[in-house]
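Note that the chains take the letters A, B, C and D in the order they are written out, and that residue 1 is the start of every chain.
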Amino acid sequence: MYLFSTTGRPPGVPHSNGLSRAVPAFAAIFALSRAVPAFAAIFSLLQADPVFAQAASESGWFNADRTQALVLGIILTGAILLYVVLASAGRPLFIRKIAGLDTVEEAVGRATEMGKPILYVPGLNDMDEVQTIASMNLLGHLATIIAGYDSRLHVPVRKSLVMSVARETVQQSYLSAGRPDAYQEDDIHYVSDAQFAYAAAVDGIIVREKPAACFYLGGFYAESLILAETGNSIGAIQIAGTARPPQLPFFVAACDYTLIGEELFAASAYLSKEPRMLGSLKGQDAGKGIAIVFILAGSALATLYSVTGSETVREVSEIVLWLFR
Amino acid sequence: MRRRIPLIITFIIGVVLITGYFVTRGPFNTLYESFSDYFAIITVFAFILGGGSLLKIHLKRVSSRAADWPYSVVTLVAFLVTLVIGLFKVGNPGGMSGEILASGSWLRFMFDGVYNPLSATMFSLLAFFVASASYRAFRARTKEATILLSAALVILLGRTPVGAWMTAWMPESLAFLELPNLANWIMAWPNTAGQRAIMIGIALGVIATSLRIILGIERNYLGRGE
Amino acid sequence: MRIPDSILRIDRRIIFLLIGAAVCIPLILKPRFQDSPTPIVQSIFDTVERLPAGSRVFLSFDYGPDTAPELDPMAKALVRHTMTRGHEVSFFTLFPEGVGQIKKITDNLLPVEFPDKAYGRDYVNLGYKAGLGGAINTMVVNFRTLVNADAEGTPLDDLPITADVDEMVDYVIILSLTAGDPGLKEWIQFAGDIAGIPVMGGGTAVVAPELYPYYPQQLVGLMGGLKGASEYESALVDRYPTYRNATMEATMRMGPQVVTHVLIVLLVLLGNLAYFLGRSDRRNRAGRTGQ
Amino acid sequence: MDVTLMLWIDAALTLMILSFLYRDNPFYKFAEHLFVGVSAAYLMAVGFWDHLVPNLLGKLFPSLMSGVVPGAVGRSPDYYYLIPAVFGMLLLTRLIDRWAWLSRWALAFIVGGAAGFNLPRFLDSDFIIQVQSTMIPLVVLDASGNLLWGASFSHVVLVLGVICGLVYFFFSVEHKGALGHVSRAGIWVLMVTFGAAFGYTVMARISLLTGRMEALGAWLGSIF
């Protein structure tokens, strides 16, 4: 069983302040509204605008076509928020095992035995992409494992911002593993912003250094197949993951393990044990549950109607399916 | 200041845009219309930022004589020349009020003569790599990979007339097994099912991420530290 | 070295040469293949066909030169079809590179094949707008805020074709040729599902599979890659035999497509054969040495 | 511009890039760096003239811009557009190290904007309507009430396929027992999907090469 309890909380944050700790925007607005009465000012300005004043006086503000979206939106966002707040408050949330993550340790061990490096490619995107953020979490975890062994971690990157975040992350991991001496800053380096130049350079690294394990985790584009093929040809253990569906076939076919779409984010939450990520994931699962239940109910009713042609069934289904129009 | 203001901006923009979706009129709707327009304008500045960063990176490389610095000179010259041609509409028959890519303008030449072959050829390289990857890396190693490969082969053959020739001998009663029909069926049903499952999953992921961003729970995009 | 291993280790430049040959030879020999439209393509054709003459059509070129070989044939087929049917077409793009793609049509195709069609009356170029999905949103909530003039800067009111266009819903259909992000997905999310304007179009073969879940509820029809374009061309030639002698690019390009597909299938099969033979070979050897 | 000259430049640049297939070399590097420079400037120029000039400058400074924006003649300035102008300038502060933190304000606008746009649209188009489109009868009958085997089978594949796929992406439950089997079926559906995606991707890449080879053919044709 993989139960994570998240009892630790940052120092200096009182436990009672649960909501505004979980939701920093509220905290920021509360703080600001105490200091600067800008909001009141903005809104009084808006009221003075004749366009606003006229628009406000008309009736029928709500777009009735979107009632269902509103109801479902409230349910879904409510579920996500609820779990985020619960997780932040220290409630343990379960998350399933993700295939591939268990092999990480084995892959690192093998690399150490063979005296070969480990290659980590964090994808093409910059830090504004969720996939890159997830990738950095995974890199941090991997670095902690590597620090325990004696192997080299090589991280070529495409964006300078990603490079600085990756360096910070890896250094932190080595530090927490008690091996700050093993950290080599130059092993995490910028290559090129150009897609194919980057791919060609990483290709060259794979062929020359023959890493024992290659990790491709993050947002990948057309270069995915070039990297996966080359890694495959030197016989490295390959673990890949991306949330970009067009690139998944190449990873699935050429790598030993592939994290498919959301699994990348789940893996990052699974390893980082970040309560808000875990809570959010749980809330998304609630959404999938809603989808499954309604698909089952909807198809069952549609089938029943198609077979019986009964008006009653149709009426019942209309009530049940109102939420999905 | 450095942390709070961005969180508040994100919150206000996010809330206004979501509310504007449900509300048809009133101040929120006016704000919604304006923010939507402003959003588009600000994204243009991202191109300018892109050009600026490019200039900065390559100037640095040239001045520090980094490896391959002469190529940075190529980038710089290409960038500046194209920029001047584009911003001043050099050679444009309509002058400064002419259409940006008007026939005869120098920018049109840069687009048709330089940009077009470079970008098209860059992508066509993938045809070679995809073939080589198919040969060297696509193995039916596991049950999953076998399913993937089988579906891929049906699509590859079924989407060309070869597939029709290969299975033309099939009796009428088995017409649905002819490769083109099988390929179309895979696209219409199992592919739709799989894509839809992924789509619903991604939609929930986007909803959760957007919510976390608007509420300031997710703020990695602001960078770490100060 | 055993035979399977040597087959697996061939220099990949040999495969590159094979692919090059598989593309070039059919281009020289020019074989022509008969195609027929699948329902998902036919429904686009039927929609364009059924619209009353003079319908206002919005055609967005959401791609650049990198994917032009797939999407240009679709653009040409759609322009030929809409012009033949007498629709009024507004060209637009969400890609800066799309500006050049539009110009290829307005400079090279329209004046040659449709000399009687006039700019500003039968078609107009609205140019490029930034903002991705946000741009579409602005057009839906207030069209004139975003688009107040054509690409030359002429105000919309001064052009007969757009003088009456005040809102996005003044267009009866939105067509997009999609290379990625933004494209048909955004047109569906921000315009089709919101304003109720039917959306259809074409996508590169890379993006097409992802768009299938929208069909047929949210997406009227979809041309997927060169094959989809070739199907549309065949539908067009079938209905309007005058086009029988026009250059049908997608149909022409299907020749290399056929040969390379077969080559790649053979490569995959050969690679797997060598892999499995080599694997049992390796296993036997390992058994003999007692490892 | 001279057509023959264009063909030659086109062919030369195409061959420079293709030379990468043999191995990385100075010609490829030259072409690649040229591409990076030209494309960045092209994006800026088109973004400036097609969007910034009519949609920002024309609204802020109509009289100044009347030469290039005919529609701006006689309009009075709309000062609300100072808001996007300021945010845009803030975005550019990232280029100056000391002020770079200010660009977060503009980034916050873009990220918040994307989040605000996406949340309701993905909810509606990619969640609600997708669920609704999957609520289809598992048994399809024709007009006279006979069972249509093919159509019914397809419907079952779609409904069960979506459900199994969704179960695979369930993270808060262990995939054991019955759920494990469903999730396993889900991964198979996903594999068929990826197979289709692979086939289509191959198709796409080949098409692009065909286009390039045609261009080279035109060049060769002009020589011989």
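By definition in this document, a residue touches a chain if its C-beta (ideal position, glycine included) is under 8 Å from a C-beta of that chain, and two chains touch if they have at least 3 such contacts.
Small disclaimer: the values here were computed from a predicted structure and weren't measured.
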{"item": "Most remote chain, CA-based centroid, reference being chain A", "value": "C"}
{"item": "Whole-Å gap between the CA centroids of chain B and chain C", "value": "15"}
{"item": "Chain centre separation (chain A, chain D; CA means) in Å", "value": "20"}
{"item": "Between chain B and chain D, centroid-to-centroid distance (C-alpha), Å", "value": "3"}
{"item": "Chain B: positions in contact with at least two other chains", "value": "7, 10-11, 21-22, 36-37, 39-41, 43-44, 47, 54, 97, 100-101, 111-112, 115-117, 119-120, 122-123, 125-130, 132, 134, 136, 138-139, 144-145, 148-149, 152-153, 156, 159, 187-188, 191-192, 195-196, 198-202, 204, 207, 209, 211, 214, 221, 223"}
{"item": "Multi-chain contact sites of chain C, meaning residues that touch two or more partners", "value": "16, 19-20, 23, 66-69, 96-97, 99, 127, 129-131, 134, 137, 146, 151, 153, 206, 209-210, 213, 224, 227, 257, 260-261, 264"}
{"item": "For chain D, residues that touch 2 or more chains besides their own", "value": "20-21, 29, 32, 35-36, 42-43, 46-47, 50-51, 55, 68-70, 107, 111, 113-114, 117-120, 122-124, 126-127, 130-134, 159, 162, 166, 169, 190-191, 193-198, 200-203, 206, 208-209, 211-212"}
{"item": "Overall pattern in which the protein chains touch one another (line/ring/star/complete/other)", "value": "complete"}
{"item": "Contacting residues of chain A [partner chain C, same complex]", "value": "245-246"}
{"item": "In the complex, chain D residues that touch chain A", "value": "20, 24, 29, 32, 35-36, 107, 111, 119-120, 123-124, 127-128, 131-132, 134-141, 159, 162-163, 166-167, 169-175, 190-191, 193-195, 197-198, 201"}
{"item": "Chain C - residues contacting chain A, complex", "value": "206-207, 209-210"}
{"item": "Residues of chain A that touch chain B when the two form their complex", "value": "22-29, 31-32, 46-47, 49, 51-52, 55-56, 58, 60-63, 66, 69-70, 73, 76-77, 80-81, 84, 127-128, 130, 133, 160-161, 165, 168, 193, 196, 222, 225-226, 228-229, 232-233, 243, 245, 249-250, 252-254, 261-262, 265, 276, 280-281, 283-284, 287-288, 291"}
{"item": "Touching residues on chain A, where the partner in the complex is chain D", "value": "1, 66, 68-69, 72-73, 76-77, 93-98, 128, 193-194, 196-197, 200, 204, 245-246, 248-250, 252-253, 260-263, 266, 281-282, 285, 287-288, 291-292, 294-299, 301-303, 305-307, 321, 324-325"}
